[in-house]
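Each of the next two complexes has chain A plus one more chain, namely chain B in the first and chain C in the second.
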Partner chain A sequence: MSRTRTLIAALRAELGAADPLPPPPPIPAIPAPPARVYTPRPERSGYAAHAAKHTTALVGIGHVGTRYATDVVLQFQAELAVAHAAVDAELPADWAAANGFQPVHTRATDHREFLLRPDLGRRLDEASLAAVRSQCTRGADVQIIVADGLSAVACVQSGKALADAVAAACGARGLTVGTPIAARYARVWLEDEIGQETGARVAMILLGERPGLGTGDGLSAYVVYAPRIGKTDGDRNMISNIHARGVPVEEAATRLAALASAMIAQKTSGVPLDLALLGLSRERSPRPPQVRQRLVTRGAP
Partner chain B sequence: MSSVLEPIPPTVLSVRRLFNADPALVRGYGGDPARHVALGLVTCDQDDAMYVALDEATKHAPVDVIFARSFYAGAAHASGRLSGEVLGVIAAADPQAIEDGLAALLRCLEHDACFYDADGQRTVTVFPHVISSLGEYLSAEAGLAPGEPMAYLVAPPLEATIALDAALKAADVRVVRITPPPTETNFACAWLTGSLDACEAAAVAYAAAVVDVATTPKR
Partner chain C sequence: MQLASTIRGRGYRFGSVREVLAKANPKKSGDDLAGVSARDEVERVAARAVLADLTLAELRANPVIPYETDELTRVVEDELDEQAYRAVSHLSVGQFREWLLDIGTTGPTLRAIAPGLTPEMAAAACKLMSSFDLMTVGSKCQVVVRANTTLGLPGRLSSRCQPNHPIDDVEGILASMREGLSYGCGDAVIGINPATDSPESTAEILRAVDGVLKANDCPTQHCVLSHLVVQMKALELGCPMDLMFQSLAGTQDGNRAYGISIKLIDEAVAMMKEKGTTRGPNQMYFETGQGSALSSASNHDADQVTIEARCYGLARRYKPFLVNTVVGFIGPEYLEDGPQISRAALEDHFMGKLLGLPMGCDACFTYHARMSQDELESLKVLLGAAGCTYLMSLPVGDDIMLNYQSTSYHDIPTLRRLLGKRPTPEFDAWLAERGIWAGDAPGPNFGRAEAIR
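So, the complex of A and B:
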């Protein structure tokens, strides 16, 4: 509405004009900007469609004009949010004790420091070192450690189940298992120090893995023979993607127990370990393709 | 006194576009052929409403006002049916800017800027317009910064003189420009600036004084 017209209408009323003003002309509706409609074009390449069945990577997603389709963008943003939330999550301080683990802490004092200082996450603090020395069984065949790593979500969700399944699978193979330990603010190499202090023959750390797109609940397991501080990644074997849509917990437990017994039999781990002697019939079979979890559904066009 | 201060809506007489104007023409009308390719031309029977509307166009589209002149003796003595009393020309690099600018200009003429009837018979009229935020065109003409408020006050010669005195005394405003009569259309004009409230108070005082003179011309 015109400010000047309002002012003058008020002055007019003040001067005593009684008859109503003619109604102001209707303000025309401002037309919406022209909508340019692009039809989503599904990926027509047979190769891309086939490849997309075997991966959760963003292949074969088609395009709309020069851009991604809206549902693809939203799915990407939702998956990124899942990953961010997983990294931000912290393992509750009483989780270890409540689930029957021996709780230990690394030298990282808070979550931010843990994220920024990987070196502090690889060593026990003084109190935890003393607890490991005094409370834990020494000289077991396999020392299992559950840890938060980069996804406390995964640790809380399936850490306990995986640790129990691995312990049962190891027991079935006649291996002794040490006191289960749960570590907070832990990195992979923490297993070297804990294994060294407990004198275990094999140390196995099960920890939340770095979240990927849409996968915030994956666990990884790293296994090392004769753990000592100073072991490198070449000395380790690992299984990743332990979650419902990847490697199921039961299958992972079977393979981890087989790995541990192969290490003890061959007295080595990592690159020198001969995986052909694992004795798992399924080991060489192709893994079924991982199915993408839809966080966004596409409505009718 | 019955229909005093009724708005007198301006009549738009012609609206034409020249989307690829000849450079010589653009230069002749004060434009820069390098930047001004498309033109929008409007005539209207109220010159001051047109100046305000041209300024409004510069707020809504990347257009320049390259030409805006009133015709001698006003709309009542126009050279033709479509002449009115002013020709305004906006110019831009592309036709879409002209379309956007013309839309804003015509909207302003229809809904905002207009003369008001000061005596109930449309024989004395007043233009007490407040621009709350100047555009590129009038700010350059007035030597003010874009975005400043300005009162744009027009009335016939004696009425304008009495009313300008009243406006200047009514609020804390300062003079930007006074155009004493006669102008092309034989009106008198004043531009005042200050805070928006002051500009509004000045415009209201101006209109009230014009009505007063129109009601009692001899005293």
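So, the complex of A and C:
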């Protein structure tokens, strides 16, 4: 026998022929674990009560071993699914016309290309460019554009309401508003080309923002003076988190119209724009944290 | 210098070392967006075949951005350790890869060689390596640093506690931070991305965090990740600051877009030496990430892996306590999906460690990239096995300010148990003393934020 075989045989003999593991212990009684429910019940813990007043972070949720309770897992998965659904949603082809907007498309030809090629989402395709040139009013004070951006859900939900509210707020300040436009597969800088082609003094794009966990309904607004291709982020002013739990539509519209007026008065936008003259507070809004909603309920509604 | 190769009788010719480096990369959406990637998988391999025969000396002689036009290239060239460089300069990239993987090439040797390597050399080796190759060499590298605590020792896995808040509500930040500490997180740093980038707000958050750490005798570091200039002004207000932060880009133009230059970082580092509140010697915290140069149109036709390595070439000048690649934050136009994000994380960890940096990774995704939570959990295990110095940690990994998905407070203790890892020795002792974590298991105060004063 080779040395190796001898060695293995001796080892095998030493380990014996019994089952490699001892018999399992007697089966214990397994009581159901205590209920761990999302959201944490503030009445149970001073910490959870204090935290809930100051943050929407998922704290005070406890643990099973080092992992999450089942109810937390379901909440977490539901929040992720809602965010992904918002990203995946597309603006219905007939939405723009049905809501009184001039429809336009960017050079992105499908949703994946839109996500991977931001450059294509910043430019109109040929047919849309021709439509903007032939169908839209020229030389208005403010050109309003609503767009899908990264959440068509947000655009469908409150894009029209925000566009109408901004138009009304601009009108109240004596500003003229161009033909309302709705854009598909659009990025922020698309406002530069549209504003340039309509000869508007200010261009304003209202588009779905990148969803967070459990939220896919926020709009952001970007405003630029003397729009033309080649403007950069430093030339723009923006308002984000426009949704029911953040900046409400009416408040956003008031601020956006004030921004447009200030740009026309100061003939500039972005970093050089003096916001102190706006009559709106620069301070962060003192609103309390948004309530994190429980998304999952067991059983039929 | 030979820039041609043949695959099944078909010839491939490349115009420059920069082009070879770019086309040798595994597929990344950001390289496609930049228009620098190979046209198909066969051309990719053809480029790798050319790269494998280039010597490290040829890579040094052909930086992807010329010496004359970029201050990062100048820093790398002027500060290269000639003795270490001479030891490896004759190797081809293929031979260099084999030498790195050799069992006889150990951590101390890699540490000695690191100052003689240029970013292009680290990037080149990376392009010839599989995930296991990257992990094998990454785990061999020895990078140990010290501020208040000692980070990067063998068998350790640390975490940044990241209690961000959308409107900087200090009580909200502290509530999340207490929860993190009670799960054994935060031994690398308590680091907050502020919503408001002002000196006063930076100082206010730092004072509050410092108060909690002192009240609990907790051994770690704190940092508020506002802009470098803002932190310098905060220091002048007289606030505590253990670590100073800045995002880095891999080109001079990219850093200009960030509002920084080498001269400015030099000034900031000098100021930290004087006014920083750690004993040091490592006091800086840098963040990087593939694709950031292209996003400011400052990539100079180089690929995003090589540009990322150049960030590390700059970072090592400042002997940082933490370097973190925020790998999935930038979005799908640079890293499209789970496989691309995972590959990039392992690449960045390898390149950073090889160049001598304490590499951590924010294993993460934004909600418009195609990555699942399961894929993200798998990546954390890969990083832990590769010896990654630290990961992030947040309540269920959800950043309520920056809106993306990262590592959770629960993930860190889970990973430590799965991989047999411990936090920094100082923090480990503190956790035991506080009844939060003992040995490899939770203690009675595990997950009890009430236990942190």
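The working rule: the second predicted complex is superposed on the first by the 217 of 301 C-alpha atoms of A that agree within 3 Å, B and C clash if a C-alpha of one lies under 4 Å from a C-alpha of the other, contacts with A are read in each partner's own complex, and residues count from 1 in each chain.
The rule we apply is simple: a residue touches a chain if its C-beta (ideal position, glycine included) is under 8 Å from a C-beta of that chain, and two chains touch if they have at least 3 such contacts.
Note that the structure is predicted; figures quoted are calculated from it, not measured.
Engineer: Does chain B (first) or chain C (second) touch A:Pro25, or do both, or does neither?
Structural biologist: first
Engineer: Going by the contact rule set out at the top, does A:Thr55 touch chain B (first), chain C (second), both, or neither?
Structural biologist: second
Engineer: For A:Leu15, select first, second, both or neither according to whether it touches chain B, chain C, the two together, or no partner.
Structural biologist: first
Engineer: Quick check for you: in the superposed arrangement, does A:Ala35 touch first (chain B), second (chain C), both or neither?
Structural biologist: A:Ala35: touches no partner chain.
Engineer: Just checking: does A:Ala276 make contact with chain B only, chain C only, both, or neither of them? Give me first, second, both or neither.
Structural biologist: It touches nothing on chain B or chain C.
Engineer: Spot which of chain B and chain C makes contact with more residues of chain A, would you?
Structural biologist: After superposition, C is the partner touching more of chain A.
Engineer: Residues of chain C touching chain A in their complex?
Structural biologist: So the residues of chain C touching chain A come out as 29, 32-33, 163, 165-169, 171-173, 175-176, 178-179, 183, 195-196, 332-333, 336, 366-368, 373, 394-396, 398, 400, 403-405, 410, 413-414, 417, 442, 446-447, 449-450.
Engineer: Chain C touches which residues of chain A in the complex?
Structural biologist: Chain A reaches chain C through residues 45-47, 50-51, 53-63, 65-68, 72, 76-77, 79-80, 83-84, 86-87, 115-119, 150, 210-213, 284-285, 287, 289.
Engineer: Which residues of chain A touch chain B once you look at their complex with the stated criterion?
Structural biologist: Those in contact with chain B are residues 1-5, 7-12, 15-19, 21-22, 24-25, 27-28.
Engineer: Per the contact definition, I'd like the list of chain B residues that touch chain A in the complex.
Structural biologist: Counting only chain B, the residues touching chain A are 1-7, 9, 107, 110-114, 116, 128-130, 132, 200, 203-204, 207-208, 211.
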